[in-house]
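So that you can tell them apart, the chains are marked A, B, C, D, E, F, G and H in the order they are listed, and the count of residues begins at 1 in each.
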């Protein structure tokens, strides 16, 4: 039965299977308790974390990793805040040490602090180094299909183009470029950045994306925990719709949903 | 002994002046951190045997919330 | 806790509470078994049926109503195929008799067979008669806010503007007019007609609609049962996102999801 | 006796020629239908006592799949 | 030669030929001098005016009609501000008297003062009366194709659906409904209301509209006279593009504009 | 007077002033006569040409340059068909020789033959070399603002992002990225590629572009000469609208164009 | 004599009290106006012969800028 | 003498075997072309003095319609 195929549908990243196709970040929450509840509500199994200097003045805090049990979540350390290949590579080497030889990482090299648009030349350079050093690189990138292909050829294991600027909540600004990347890629393509609400996630999945990564859309909703759950269902809805194969668009002559035969004429 | 810790001068008097002792003094023994010393990562297994020197530049790194 | 509010969220139609905000039609399926499975998968509690002459030549068939147990589904007889107030009123009087004094109905009076766009003057006329006769009228209409208000003033219990033409799958062509209707209405506003895929449903709910009614998008998907489930989640996702309150759109200056403090400079 | 049934001529010989008997002959007794006779709805409770006449126009209506 | 056909292209309204397909309103300008200069710059030949009580307290003003020589402009009195068929009919009877048995009029009956959306039932009623009384009615209406057809059947000589709300500058919110109206109409269809900038006008004409009527987009631009000229060219551009027949959209495989033969390989 | 500012408005490229902001290609026409007539009708002053091997088998043809008098048109040799920096640099060195030390060029390095999307790393490399060799480089590029800035920093004299794929006629797929590039650039930004009809050109100019370069939209219209003229007006309309400063969009409460005072109540 | 002019009381003393004289007193002779008297339009040709009565309701209408 | 001209073998007998003479034989004297010989551009001013050799690879380049 066809529906079973959907039931067995899995996202495969670095050889591991995930039921959830929603990946979430852990930034911008009020506190770690809200973070934990939102991450839980989202159903995400892959969770991004940033790598930063220990804040020595802050006293004995709860650590982020304490609320993210490693048996439950796959951690995805990122390079947010890095503006060069060198910084990004260094950050992920530290992450690898920090997380006990963890090699699955999210690479992002930013172009400037106003747009947080990726710096693609530096991203390509960093990807090359990281892949050589044995990292499994999921890469945040522009929606340029040619450079997306270069990243895949370098050996990145997931291509993650922005839908729109990080933190903008503008949704998918150019579905056509995403389409080009989806058509050509042999590794999973995930939308990363720009999702603002559940329908953006649904639409991303309907386009054929393997998953969606988001942070601000959940953390900065009025009710983050509820939005996290909305995103869970939104991603599932989009994935199922993609697998179900949507009806063709046909403007008109419109097709009646009720039979046109058997209409009893006025007597 | 003074080291540069996360960009700030840091006075440190435990003996012996190993990295493990510095970390202990910060209350981070066994916590998930990574350490860079003078630009090189120090593996966890080497904390006990890593002697710090005056003016060493140390970075102690943790995972924090991020997207 | 805020999330509980979402848990208690109900659609109220004619004084009765429904958990599901997805209403589905029963036309265009391969057979009644597919109909039944799709309706089940959708989680819908209100189901539209058409009223037609018994086909005497067809032999002893299974009846549609046999697969729609009345204790499980609220039936919503429609007037699909009617092009005048007179036909529509007659059809619903027959439906009332057929369904043992059932008064909850969906009124639709079509303008022409090519577009199936509503004929609003006839719709207004029929609504007036039906309300006087004690029907509880959910009314398919154009997205004209002025006439939507007239229908509400007449006493219709739900306003159901088209998102786009019946059977077109074009999605929401004019969210702005929907917005006007939503802003002014005191009765539930449901999108009726035009949904093509799950994200259309999600978006409708995010706009603030009380529900979505669809048929072709499910029945004419490659896998109707799976699409029905996609629609269930899509509607829930959109409703929760609406209740959760989305983040503000802000093009740029973009907001980093990871902290900008504590970045360790290259040594 | 001939009636007009759903737009077609329909020969019908049961006696007495009640609407109930016509419905029975169609195999629809107890099924969910509605009936219009010469433009007026006949309530279910009246099927037994409704005598049909030659050339009555009858519409037997059911619910079918529709959106 | 094909281009000549474009050179002879004319808008025909009530049996009279116009070179310009841009119709402009005269409201919201700083003063009558700006009005005059903007109208001139627009190249419009049909100009709408409103009908109002003489302001007795205002002293001896210049009259609007003094700056609109009747040999140069066809006046189009409107019913702006009317919320019922009765008011609209009365207004246009007064206009007819005022303008010496002028019968070409613009009918608009508004639904409410917040949206200025047309009240279609009253519009239909007024149109019926006006046509019977010999008026040549250009009618502002919603983008409902069924009621547009009713207005045409009543005898209106031009159908003028809104692109978006009067004074909103939101552009064409639902080109699909416009398309339906254009496909079915035998009288000129003009976009009335909602244009915000030149590209909106161009787009309207490319859809196949016979003309565009606007006011706020010109009067409330920072530089109304320059915007009037922009609109002139925008309408011409759109009309010519429509007549020229645009290239087909084809996402990809993209078509090189330069020949793919004769490329000299690197030696 | 403000309008005069528009009258003196000029596009400045490589120190030379142009009245027309429409740049056209010369490919894909039926013959050189059609090319000549279309270029003339467009009003373009800058015209792109491709550089190819002489076709020895073709016999004594008319040469393209014969129909493009150099006193009338600024030629812009391009690198269409080049897939590497090396090929592109070689092509433009040949063009420089061919056109008697002409240094104004259009650089495009393509990523693949299916999409003709730019190869940005190779484009950056070629730009670097060409600028060093004294070329004045107008550069076709993706809509990535970071790499656009790199090209500007290298010394390119015009940034020419694609609106959509070459030859696709899809219009502006991502106006937001264009916006970012426009906001940051100190050299002229022109839309290059993707325009399909006049309104696309108008819209590009309204966004603030300094000009538009197109080929297929004209050459593959049903009537190329008429479309060329449409594009001329479309670009002018968009430029004037940009200079005139459009009215603000305001959904509703809508603003009446006719005065709300002085309405005579029904007696 | 008092009439209601555009919704306001208006004192008017010219004799004879024709509509033409009223219009002249307003300075609108020959201007493009329309006049409604007690709900009925008065054609221009009738201004001279239209005698006004106490309490007549008059509307004097002009064209103004509008879209 | 045989040269490679735009990727094809090309027999060429004029003497002296200058580039100018080759161009003349093609009918392109004075036309707007560019020439590459064995990968190097030959300036127009050098056509007269450029002697061709057996197996030279020549590219003769023109401007054509392109976008």
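In this text, contacts are C-beta pairs under 8 Å (C-beta built on N, C-alpha and C of every residue); 3 or more make two chains touch, one makes a residue touch a chain.
Bear in mind the structure is a predicted one, so any value in this text is a computation, not a measurement.
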Those chains which touch subunit F and also touch subunit C: A, E
Subunit E and subunit F, separation of their C-alpha mean positions in angstrom: 31
Between subunit D and subunit B, distance of the C-alpha-averaged centres to the nearest whole Å: 93
Separation of mean Cα positions, subunit E and subunit A [Å, integer]: 46
Rounded Å distance, subunit B centre to subunit G centre (Cα mean): 97
Contacts with 2+ other chains: residues of subunit C: 25, 27-28, 50, 52-53, 78, 80, 115, 117, 166, 170, 176, 180, 215-216, 219, 251-252, 256-259, 262, 264
Sequence positions of subunit B contacting 2 or more other chains: 6-7, 36, 59, 61, 64-67
Interchain pairs in contact, sorted by label: A-B, A-C, A-D, A-E, A-F, B-C, C-D, C-E, C-F, E-F, E-G, E-H, F-G, F-H
Subunit A to subunit C touching residues, read off their complex: 2-3, 6, 25, 27-28, 41, 50, 52-53, 55, 78, 80-82, 86-87, 90-91, 113-117, 165-170, 196-199, 201-203, 206, 215-217, 219-227, 229-234, 236-241, 243-264, 266
Footprint of subunit E on subunit G - complex, ascending: 5-8, 10, 26-28, 31-36, 41, 43-44, 59-67
In the complex with subunit E, residue positions of subunit C that touch it: 111-112, 115, 117-121, 124, 142, 144-147, 149-150, 164, 170, 173-174, 176-177, 180
Sites on subunit E touched by subunit A in the complex: 176, 179-180, 251-252
Complex contacts: residues of subunit E adjacent to subunit G: 24-29, 32, 35, 48-54, 56, 60, 63-65, 75, 77-78, 80, 93-95, 97-100, 166, 213-216, 219
